[in-house]
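Letters A, B, C, D and E mark the chains in the order given here, with residues in each chain numbered from 1 onward.
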Amino acid sequence: MSNKKYRILGLFSDFEEAFLAINDIKLNRVPGVSVDDVRLMSPIEHPEIEEILGERPAHVPKFTLAGACFGITFGFLFLASAQANFLVQPQGGKPVVPLPSNIVLTYEMLILFGVIFTVVSFLFLSGLIGGKKERLYSEKVGVDQIGVILELDDHTYEPTKALFKQHKVLEIREEVIK
Amino acid sequence: MSGNNVNRRDFLKILGWGGVGVAVAGCDRPTTVTLEEGKEEVVAYLQPEEYVIPGVGVWFASTCQQCPAGCGVHGRVREGRVLKMEGNPDSPINYGKLCQMGQAGLQGHYNPDRLKKPLLRKGGALTEVSWEEAMAQLDQKVGIASGLNGERFAWFTGTVSGHQSVLLSAHLASMGSKNHFVHEVINDAVVRAVNQDMLGEAAPRYLLDQAKVVLSFGADFVGAGASPVYFANSYAKFRTATPRGVLIQVEPKMTLTGGSADLWVAIRPGTEGVLALGIANYLTTNGVDASGLPESLRALISGYGPDKVSKITGVSADRVARIAALLKDRSPSLVLAGASAEGHAHGYQSVAAITLLNILLGNVGKTIVPSGASQFPQMEAKPGNTRDLLAFANAAEQKALDVVFFHGANPVYTAPAALGLAEKIKNIPFKVAFSCFPDETAMSADLVLPILSAHEDWGTHMGVYQPEQKSISIQQPLMEPIYPDSKGFGDLLLVMLKARKVTGFDGFEDYYAYLKSAFAALPASVKGDAVSDEDFWGKTLQKGIVKVATVGGSLSTKAIEINLPEFKEDSSRPYHLVPSARLGMWDGRHANLPWLQEAPDQISKVVWTSWVEVHPQTAAKLGVKEGDFIKVASEHGAVEAQVYIYKGVHPDVIAVPMGQGHEEYGRYAKGRGVNPLKVLAPATDAKTGELALYATRVTATHAGRRELLVKLMGNETQLGRKMVATVKAEVFNRTEGGKDVA
Amino acid sequence: MKHVSEKDINEEIKWAQINTDILQSLQNPRKAYWVAVAVCVAMLACAVVAEVYQYQTGLGVADLNRPHMWGLYIATFIFWIGMSHSGTLLSAILHIVHADWRKPIYRFAEAMTTFSLMTAGFFPMIHLGRMWNLYWVIPYVTDRGIWPNFRSPLVWDAFAITTYLTSSAVFLFIGMIPDLAICRDNSTGWRKKLYTVLSLGWQGTDRQWRNFRKTYMLMACFLIPLAVSVHSIVSSDFAMSIMPGWHVTSFPPYFVAGALYSGCASIITLFIILRYFFRWEEYMTMAIHEKICKLTFAIAMVWTYLNLVEFGATWYGHDPVAKEVLISKFVGPFAPFFWAMLFFGSVLPFALAFEKSRRNLPWMFVVSLLLNVGMWLERWMIVGPTLSHAYGPESWNFLWPSIVQWAIVFGSFGWFGLLFLIFVKVVPAVSMYEVKEMVFHRRREANPELAARFHRRITDAQSVTAKPGIEGA
Amino acid sequence: MSVVYSFFSGWVDRSGASIGGRLPGYLMALMGVVAMMVLAASPAHADVPNAVPPKGEHQGKHVEQPIEFPHDIHANVNKINCMYCHTYARRSKVAGIPPTSKCMGCHMVIATDKPRIKKLTEYWEKREPPRWKKVHDVPDFVHFTHEKHLKRFVFDNQGMEVEKVSEVCAFCHGEVKKMTVAEKVKPLNMGFCARCHEANKGPFDCWKCHK
Amino acid sequence: MSLNNILTNWSRYRKGAEEGGFHEYEHQWGMVVDLNKCIGCNACSVACYAENNLPVVGEARYAKSQFMSWMRIERYWDEPDLEPYQASPTANVDVWIETNPPAGKTALKPSMPGSYAEGLLEPGGQGFEERVGVFGTKGEMQDFGASFLPMMCQQCHAATCEPVCPVAATYHTPDGLNAQVYNRCIGSRYCSNNCPYRLRYFNFWSYYEDAWPEPLHMQLNPDLAVRDKGVMEKCTFCVQRIRVAKDEAKMENRKVRDGEFATACVQTCPTGALVFGDLQDPESRVSKLWRFHQVEQGKTKQNKQNKELRGYRILEGLNTDPSVMYLERVREV
């Protein structure tokens, strides 16, 4: 038996069936195929699938927090140092570093950097920038079908296909990786 | 180094302005931020005087020529340009202060509409000619060869004084003429006549600061009066004295002085004399000794009881009594008469009645003191009047004049239309205007000679009102002539004198040389501690004034007969026209100065235009609102201007300010506003022959148009905000009386 | 109009149908579109001509004057800033509270946010005397050692607007990515290239969706306080000053309420326009329309209340000058505009309160426009009367804005319209994926047995004995 | 080239030319916060005690003057003090171009056969000063005072010899004594002024210079 | 240097916070305007035009209130019988303009005694309501003449214009002046909006283009810039004169002497109603006057020992802390 590796994409129009298929994988109906390897492609977001797939990590909030913290510290320090170095402003008997206005501006900086960090981290973490794209893609995912992607070897290739068919897969696309 | 400090005049060691090649440094213009090398030029002096330092201002003393008051000024000169005028602290007239007209003298000097070349009327139009041609023309008409009969020659000037006056008189003498018309619209000729008759001196001095109460019948002494800055200064002393002086102003239209009065009384025009007699009546019936007065006068006074006076003048009897009581209580007082009292057919009588109050109250000798004459009477100011204008119009009508020289007066503008002067002067074959500006008179002249501005010329002046210390004020150039083709008035006089081959003047190269020698010839008493003539001349230029001694002077009190006519209403023309004078526009001579056009009128706060002051009651009657155009028509013409409504005019009065309505006079003045003088009736004061400025009756009708009246104040009351707070005089006397705080 | 459906959306709609319906808006434009573009360009041209004239001549041509240093530019600036708040309301606030009826309409609202901010941003520039020096407001390091004055509310404005514009533009874009991918999949030629670039290679994988969901929620959380702070800061341009009628404590909430109000009103306008022109009755349903109208009415009442609070506080307050300003609004030269504002802002919204009136879309179109007129007047009534009647009686004045000001204000609507017209042809104005989500969830809600069956089958699958491999197949 | 950061001045290299002032604000400020502690102490100028000369270079262009005045001959060869001709510098805000009479004071007798002097004599005889082109110019809203700067750096400066005034002049005008007609070799912009004012503890009131 | 700046400025900040503001003034130029002496003659205003290169704007622009008079004389009429605000029921723009300015109708009394507005609104001053005195009658509107009020920049120490400028083009100098730096101004006009006295003037046009036709431009003062369109300007207390005087004093190693120089308006005032000087110099005329009238800086409401003294500052209740003290007008009533 040759040791080929395959990647298959099963397209389901019935979401229920697709989830059941994944559920079956989760239940180890196909030995050697772990539910952790399942990748989904869907037209909409399916939070409920996490029940089956399990919690997968999303690290965006951490970056958001980092951005907000950076915004707050940088914002205040930047303002304060700019004000303290503004050689004209301090002359009039008013506070050099006025807290009320700096709070307002620091707040804006907090949000700005929070947003920027969030978005940038999203673009990287979701693979939109720098990430590898799925080479198997069907435009139907953009319409109403759900795609399940699995990377298989010779042992699991056929059973998985069978599983998909059992769950009324509409179409299976595949490619040989190696 | 120096700059703004007028106390550092010791810096001006060498004065005068001879032979310096002056480069006019470029001005700072904002958009051209030229940083690139070689874009701008910088020109050094060729051979500067020691005190000329680029970038440092130097102050030169001179004399203000904006009105006849003759204030001493300092001009700040930098890089050959005169930049700013300040008062000369050594001047006994203005003590280092200056009014807005003096400040704006600069704009006359730098005026973009100044005449640049002589103009000669050729084929009906004035065309530019060379000085040679102009002088040849002049020589042809008035030279010895012309055979001009001196009696058919006249000078028509404004107030002249100093050496110009001397030269002018010499010129008249050389022509064999006595025709010198001296014309000023804003004058006190009637008061002078009354003073001459009752006090024995035409222009006694008024010690405003000595008076505890001043009752002014329309005398706008801090405004358009004889010497605004001098009296403003006295006013400050009067107001801060202990106890604080009280000012009561009685007039038909609120003047600038009236605006500062403690009590402003609106009076029916022409009844000032009645009010004065009413006050006299109160005084005599309340224990003031009137025994010195002739019986006829006492009878007259007793005839003006409170009710009658109140009925005629429109001032309540109670108020008359209180004013009189105040005058009686607080002595010494001072009673002044001004334009609104003078300007009637019975102006002389009214002023006499007013002056009588001074005699009754014993003010003569206390607040009215003899002025005397200066030791150089030939240099004293010849005060102008309007009688000369009428006489001139008459002479022109009779074709009695062949040649007239105009200087410092603009009769074509100031003469009422009823006089028909613009037509009548066409009877004069040759009219010469010595003028800086294309004013109405210059434009109707046959030869216009551009003269140097007041800041370019030499001269000497004596103010028309001389305080205790009499002085001659020197006028020296603050700048090289902007237009080289203009000549000094003194120089021209000298040239004409030389042309007439008058002895004594041929030795002088120019007017400067003449002045210098004239100063050298002054008596030693005037020269003070100067060691030489040159030293005296230097010191004179540095100080700007020469103090001269007073000769003689005494006052007598002579009550004259007063004959006030019955006050008559004129139902066909229900309103009195008040052509009010304003400090700023003066008689219209400053209408070409943009600063003064843009400086709001002190009372109405209107800018750039004429307006008609109307009492709210009258406005309601006429159905007009602020900004409506109203047509003010006399028998002799009509003017249309926008209405300004306030309570500072008598309900029977329509006040139109003088100064606008020029038909010529450059871009800032031409075609702006209206000239109330044009619609005046040519009535005169019966005694003096002065034009009765306030005697015109008019109708007023809504002209149907309406525009925004351009003025400063958005809302004219304080709306309860503490903008200007007011305290009672008693509080002032209690807290600050007698204290010299700072 | 008859009752179309009481459902927010027909959950039985086919998903492919959704794609087709929405994507048809991106087809080559019809003639009416080009007419609309031409009108907008013409309006914009007015503004450009006026602005060039003003730029070269000075602000005098705007007839601004000494008491009226600020005029329609600032009023319109606040108006546009205010309008931007609707997008945030729909996309962020309603997202957080899981009001899923927002889904068919939030996209254009969010676009409106961005575009109105882009319009608003012009006004401070136009308003400046020397706009070529605008960059001095930005704190950049220079060897001259000078900085902006961070105390100035105008600098706060600059910070706030920059932040808000960045955030809302990013938010709009992020939310659009899945739809852009659909566009990519359904287009050819240059459009394909464009959408390929824009969609950043979105494939709808679970990783992308997972991060997307987090990001979207976090952004929404940021945007809500941001939107509130932005309009509070704009209000502090006035509230921080010493002027009577501006120095008002209730200004920040008042401004925010006004902002939401005008935003909602313009959503109604655009809702009706889009529904009509793109025939999106299936998506922009009457039920949703009802909801926005009710929401708008509620906000209108909040706004009215805050108005009354302001009047009351001034009337019974300590500051007689502020009271004068208030009275001058009631009876002064601005009175017609003031009462028009109150009518449009507080009385007219009752048209939204009645079902019969609400369901008349042409009428609602007019009403929503008038509500916005009212809100624009509100901004003018904030700026104008205070300047006309401040402390110094000398400076009391009334000045009618010149044609230049009007032209620029007028043109700004053209600019906004142009941006919006481009938007509806370039990106789907209705979020396809979210409509699908909505349909999906609604369907499951409508048919509880579906969910039950699904769970049953999951349980069944687990109960089957685990067997390695599946025979057959 | 060692690059230092002064928070006030932005990134400057040792020659003082600002190299980083135009970078994005946030980035610069971020670096600024970190680099604030790293400050370069400039050594005092050798010839002028108690003074830190301003830093900055400018590539001036040659300006065609009516007479190609040789500063090098006057100031360098003949060692004439700058203030001999620019005599107003110590008394006025402007240094002033010397009046033509001052030139003629010497050149009535000295070097009268040189073409440039002949040209000068021509001007003198026409009684017309040459129209020089301005080389060192600041915008009209900048009011620079020579007087005060000379007081600070020359007359009130302990240990400063007046003979060496050209070193002080060179702060802003460069080594004029090595030029014929003057060329602008310093930027004379606000940054240039401000850096010098900071280094020499000059006043920092805007209204000192801008009115 | 930078760190040094930050540390000193922080220490200043601390000090400032505790003591109500850090002040390190070399001078505090101040003014006294005696309304008893002021006759409203406008000389000061024209002197200001001459000194400070103020453009003449012409009638059309004046009509739009776009004039540039740094020193203006306001003139108010007494209004003894202020009635409650009543506007025409047919109030509209025209009616307002017609009826309002000549007969201002507002007289709202502060509704709560002790509020800050109490000091702000004091109609008439001390005891001016009872006007039956030596003149007998209850005052008619114009009986007491006009109230003239010269208004120049009040050079407030707690200036409302300063904190709002986005680019710090207006700031407080060590001389205690409100500076306006033209070349820094970007023309946001917030400062003028926030000035309760409305004493800031904006260059709505390039006035210089037609205000000084040749040769009028030769009068322009080279000591200060001519302003182009788009910048705010205002009275500077003749900063160019201050500069010269301070420079001169410094060249002679002394302090500026009182009376050594004055602003253009003060120097020309015919009645001497204006006094200018250094409030930090206890011997200066202004200091003496301020002391005598028991007006102190840094107060919202003066706590005078003698309530009858005339000194007050305009709209003092707004806590702008102006450097110009006015002395109340005096009338014999």
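Things worth noting here:
Assume contacts are C-beta pairs under 8 Å (C-beta built on N, C-alpha and C of every residue); 3 or more make two chains touch, one makes a residue touch a chain.
For clarity, every value in this text was computed on a predicted model and none was experimentally measured.
When every chain is reduced to the mean of its CA atoms, the largest separation from chain B belongs to A. Think of the whole protein's Cα atoms as having one middle point; the chain whose own Cα middle lies nearest to it is E. Across the structure, the highest number of inter-chain C-beta contacts is found for B-E. For this pair, chain C with chain E, the centres built from the Cα atoms lie 43 Å apart. Each chain gets one centre point, the mean of its Cα atoms, and the points for chain B and chain C are 67 Å apart. With centres set at the average Cα position, the gap from chain B to chain E is 32 Å.
Chain D has its Cα centroid 53 Å from the Cα centroid of chain B. Shared contact sites, meaning residues of chain E that touch two or more other chains, fall at 2, 5-6, 65, 67, 72, 74, 76, 100-101, 104, 106, 108-109, 120-121, 163, 168, 171, 173-174, 184, 206, 224-226, 315.
In chain A, the residues touching two or more other chains are 78, 81-83, 85-89, 91, 94.
In chain C, the residues that touch at least two other chains are 67, 139, 145-147, 149, 151-152, 155, 320-321, 324, 391-397. Here chain D touches chain E in the complex through residues 6-8, 36-37, 39, 139-143, 145, 147-148, 151, 198, 205-208, 210-211, going by the rule given at the top. Taken together, the chain C residues at the contact with chain E in this complex read 57-60, 63-67, 69-70, 124, 127-131, 133-134, 136-137, 146-149, 151-155, 158, 237, 240-243, 316-321, 323-324, 327, 331-333, 335-336, 387, 390-400.
Interface residues of chain C facing chain A in the complex, by the touch rule stated above, are 14-16, 19, 139, 145-147, 149-152, 155-156, 159-160, 162-163, 166-167, 170-171, 174, 177-178, 181-182, 185-186, 200-215, 218-219, 222, 225-226, 229, 233, 236, 433-434, 436-437, 440, 450, 453-454, 457-458, 461-462, 466-470, 472-473.
Those residues of chain C whose C-beta lies close enough to touch chain D in the complex are 138-145. Residue ranges on chain E touching chain C, taken from their complex, read 61, 64-67, 72, 74, 76, 85, 87-88, 91-93, 96-97, 100-101, 104, 106, 108-112, 115-117, 120-121, 151, 160, 163-168, 171, 184-190, 192-194, 196-198, 201-206, 229-232, 315, 318, 320.
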